[in-house]
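Just so it is clear, A, B, C and D label the chains in written order, and each chain counts residues from 1 on its own.
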Amino acid sequence: MSTEPAVPSFPTSLGTSTADEIRLLGQDLTADLMGKVGFGELAFWLVALRRPTPSETRVFEAVLVALADHGFTPTAIAARLTYLSAPDSLQGALAAGLLGGGSRFLGVTEDCGMFLHEALERHDLPTDEAGWDEFALEVVRGVQGKFIPGLGHPVHKVQDPRTPVLIGIAREEGLEGPHLKLFQAIGRVHEQVLGRKLPLNGAGVCGAALADLGLPVELLRGFALLARAAGLLGQIAEERRRPIGMDAYLTVDRNAVYVDPET
Amino acid sequence: MSTEPAVPSFPTSLGTSTADEIRLLGQDLTADLMGKVGFGELAFWLVALRRPTPSETRVFEAVLVALADHGFTPTAIAARLTYLSAPDSLQGALAAGLLGGGSRFLGVTEDCGMFLHEALERHDLPTDEAGWDEFALEVVRGVQGKFIPGLGHPVHKVQDPRTPVLIGIAREEGLEGPHLKLFQAIGRVHEQVLGRKLPLNGAGVCGAALADLGLPVELLRGFALLARAAGLLGQIAEERRRPIGMDAYLTVDRNAVYVDPET
Amino acid sequence: MSTEPAVPSFPTSLGTSTADEIRLLGQDLTADLMGKVGFGELAFWLVALRRPTPSETRVFEAVLVALADHGFTPTAIAARLTYLSAPDSLQGALAAGLLGGGSRFLGVTEDCGMFLHEALERHDLPTDEAGWDEFALEVVRGVQGKFIPGLGHPVHKVQDPRTPVLIGIAREEGLEGPHLKLFQAIGRVHEQVLGRKLPLNGAGVCGAALADLGLPVELLRGFALLARAAGLLGQIAEERRRPIGMDAYLTVDRNAVYVDPET
Amino acid sequence: MSTEPAVPSFPTSLGTSTADEIRLLGQDLTADLMGKVGFGELAFWLVALRRPTPSETRVFEAVLVALADHGFTPTAIAARLTYLSAPDSLQGALAAGLLGGGSRFLGVTEDCGMFLHEALERHDLPTDEAGWDEFALEVVRGVQGKFIPGLGHPVHKVQDPRTPVLIGIAREEGLEGPHLKLFQAIGRVHEQVLGRKLPLNGAGVCGAALADLGLPVELLRGFALLARAAGLLGQIAEERRRPIGMDAYLTVDRNAVYVDPET
């Protein structure tokens, strides 16, 4: 005789509800959260399972604001073209835009946070700037010519303006932790190894700051995607007001040149 | 001779950048926005092209908080199953979850806002509660037995706890406008026409509140999707910590019963 | 005491398997289907729950071939931009391309099939061409100036070359049914009502042909999406070989013009 | 003075059209392809840029048939749940299903093809079965305890019925090439290294067969996705006819158990 239950139970710490109450994260949604917790604060809480402090919220929201929109990126154009083709499905246009949030364009935040995190796990924390520089040199040498996530930017070739500002905000809030320190040290020393000076980019510093907030590094891409969801909503709203999708499509299509497959 | 330009220009009021500056919405991203503007505030601004007041931000974020997560919805389960199948692509799991944000489960916010908006466009604004009730009666009669978006809820059969709380917040902030007033009046009078009393549901009241903030009703679904993006991130984070996707899948698969296609 | 089962059963006529056999549609996958049934044939069978005849298969595959790829459409460009951004997730690029398969660009097939189907449900079948013309006149008049799906094409302004060819194939195979007949009659008579001659387009004739095969009209968009999945695979393969995504993106981004949000 | 053209040209060997002709792959779509080329044949051609022979088409379509549907997989359930939530967007449900086509459930085809391909690039082709076995032993030893893609199956623990059938079809058609030979040799020798006998699974043998057809191994996942698109269409059609999505959702939701986030 089987004593195994016919259907498993499904544990969760997120939303549950009864006829007269909705709970979320162990809180009463209407009494404890609505009107009392900001949206960024809740997003942090949903992943970290703890309410962030006001200082953490300020750094976290500064990161989301920094990542929300970068203008006509491939993902923004993809969302607009999808909206042009299927205006009846806003969720499809948003999803299409987020699907570009992979390794190349939106992945730097996660890759940089994870790269710093793994380096920190293998090493004792330095106690002064000279110690961080030595550690950073070791890290940069260790990649042996491979790409360091967070270093370099196609447009901001000398300095990415987001980098010093976000470090400044984290410092003001007492949240400049080991990831940001190692990242800055890499910025100071990499030229010695690589032979040229590259800026620390904004996506990378965002990853470092999120990792210093204690958020799981495997999910950092998720915060970049959340930020981008707001930006894509802005792009779709603009596509309704002042469309560019049709022109973008026609510019490609009218300049198509047939190439023999054999060549 | 053609004087037509070879390539069109692509107008935008969102993100643009030069080598040393990033602009967004006509602001300097690093000097004016990062650390100074909340994430919800920015999301509103990106769509409405104006910075919300603190009162508007509070109502707006209360809506996003209300809509972020409703536990094991079909969309949350779809996101978890997708993450189970393709853990290498967080963006795919998030997109899969958002794709359920259509007419049935997430669409009520938009449908309700739009329904109220269209009714308000056809009618002068009443000046007292009796006037609103009369107007609401006319609206309910006008649908002739068809479904009124925002009315009724499968779980909260008597009262949805979000409804009075969100109306209260809007009232506190001086933002209880015509959409919320008409929605409440429908709540008071529909029983006279429909013959039974239904609750005003939370998704509907969120749509009414967003419409009262002056946000474009055609895009209200977009805010529900943004809120849900945060909730889905929480679901995916929980799927990593305490997975249920495999059990959900096996529960269906092990209880599959083959049915002859002819029948 | 509850006698309700703890977990429902999940009926299906599609795939099931045991340790040593895989069944699909009531057939033994390895003994009855692999190597014996074509892919198009199986796709028809999966939806219609009956194996198509060779004639039906020929018409069905001619439709899929006609719809597979139309060059640099918005959906093809969206898939390529997504692949550029996230080359690690082929499924994301394919999904992004399919998400444009909505009302405007890929929806004509479904809309036309459904439009013809609904007209046919309200009317007895004519017995000669004069009868079809009379019926078609009534249908065209009935839309009262609204758009008739399947009529007109931005490029093929006089004749869409796919239309006569697909009708010819259906006729050869004895599968020119009422949907194709009504569609052709609309082609002959609409000028009398609309005051100008428009071509019957290829997406529309595909919808009519699929409806004549007895496929459910609510799912015709699905076949257009299946056909397009093959085309998008070709587009992604070409993006790997001879990329255009970066140029498409840069063409838009470099010609961006900032517009004050106030204007 | 700049002589750079204002807009780049966009090369393609796929679809192009003029007012009276549609070309695809250098062929006249209506004269050369419709009614003359099968859908599977065209899908192969779109990626490989050459028309497959009838033998190649038979093996290729046998693979697509084998991969089309495996019943209630996580991806099929995700598609059905998405359709339940957003029945207005068939493309969204299909896309949600495909997004699970990642590393774990649909990736084996690609991973296995690529694994065999890389091994073959490092080694001369053996000339007899003993040579293949020796080569395979070296390959299995080389992975040093890591997972070999294509080996093992959760349900078909002794033999996957698809494996011998697909090898048989390839052999009949004279298309049993080095990937299939190495895969079979791995099947014969791995027990010596791993200490237990595992079956060669169906997804793996499909990858080997596709690689033997000369298709690019980086795109093998794409063919699994194309096959699955047909299967998902069948799942969605069945969800319309005999829905299970609501029961699947309720089974999870009704068995939800709240867990304190602190634990």
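Please note the rule applied: a contact is a pair of C-beta atoms (placed from the backbone, for glycine too) under 8 Å apart; a residue touches a chain by one contact, two chains touch by 3 or more.
Computed from a predicted structure; not experimentally measured.
Repeating the B-C interface with over half of its contact pairs identical by residue number, the matching pair from A-C, A-D or B-D is A-D. A comparison of the A-B and A-D interfaces places the larger number of contacting C-beta pairs at A-B.
Put simply, the C-alpha centre of chain B and that of chain D have 37 angstrom between them. Spacing of chain A relative to chain B, judged by their CA centroids, is 23 angstrom. In this assembly, the C-alpha centroid of chain A lies 31 Å from the C-alpha centroid of chain D. Contact of a single residue of chain B with at least two other chains is seen at positions 7-8, 10-13, 16, 71-72, 86, 88-89, 91-92, 95-96, 99-102, 106, 242, 244, 248, 251-253, 256, 259. Those residues of chain A lying in contact with chain C across their complex are 5-7, 71-75, 77-78, 81-82, 84-89, 92-93, 95-96, 99-107, 242, 244-245, 248-249, 251-253, 256, 259. Residues 7-8, 10-22, 24, 29-31, 33-35, 37-40, 42-43, 46-47, 58, 61-62, 64-66, 68-72, 89-92, 94-96, 98-102, 106, 155-159, 161-162, 165-166, 169, 202, 216, 218-219, 221-223, 225-227, 229-231, 233-238, 240, 242, 244, 247-248, 251 of chain B are the ones touching chain A in the complex.
Taken in their complex, chain A has these residues touching chain D: 7-13, 16, 23, 25-26, 49-50, 86, 88-89, 91-92, 95, 99, 251-253, 255-262.
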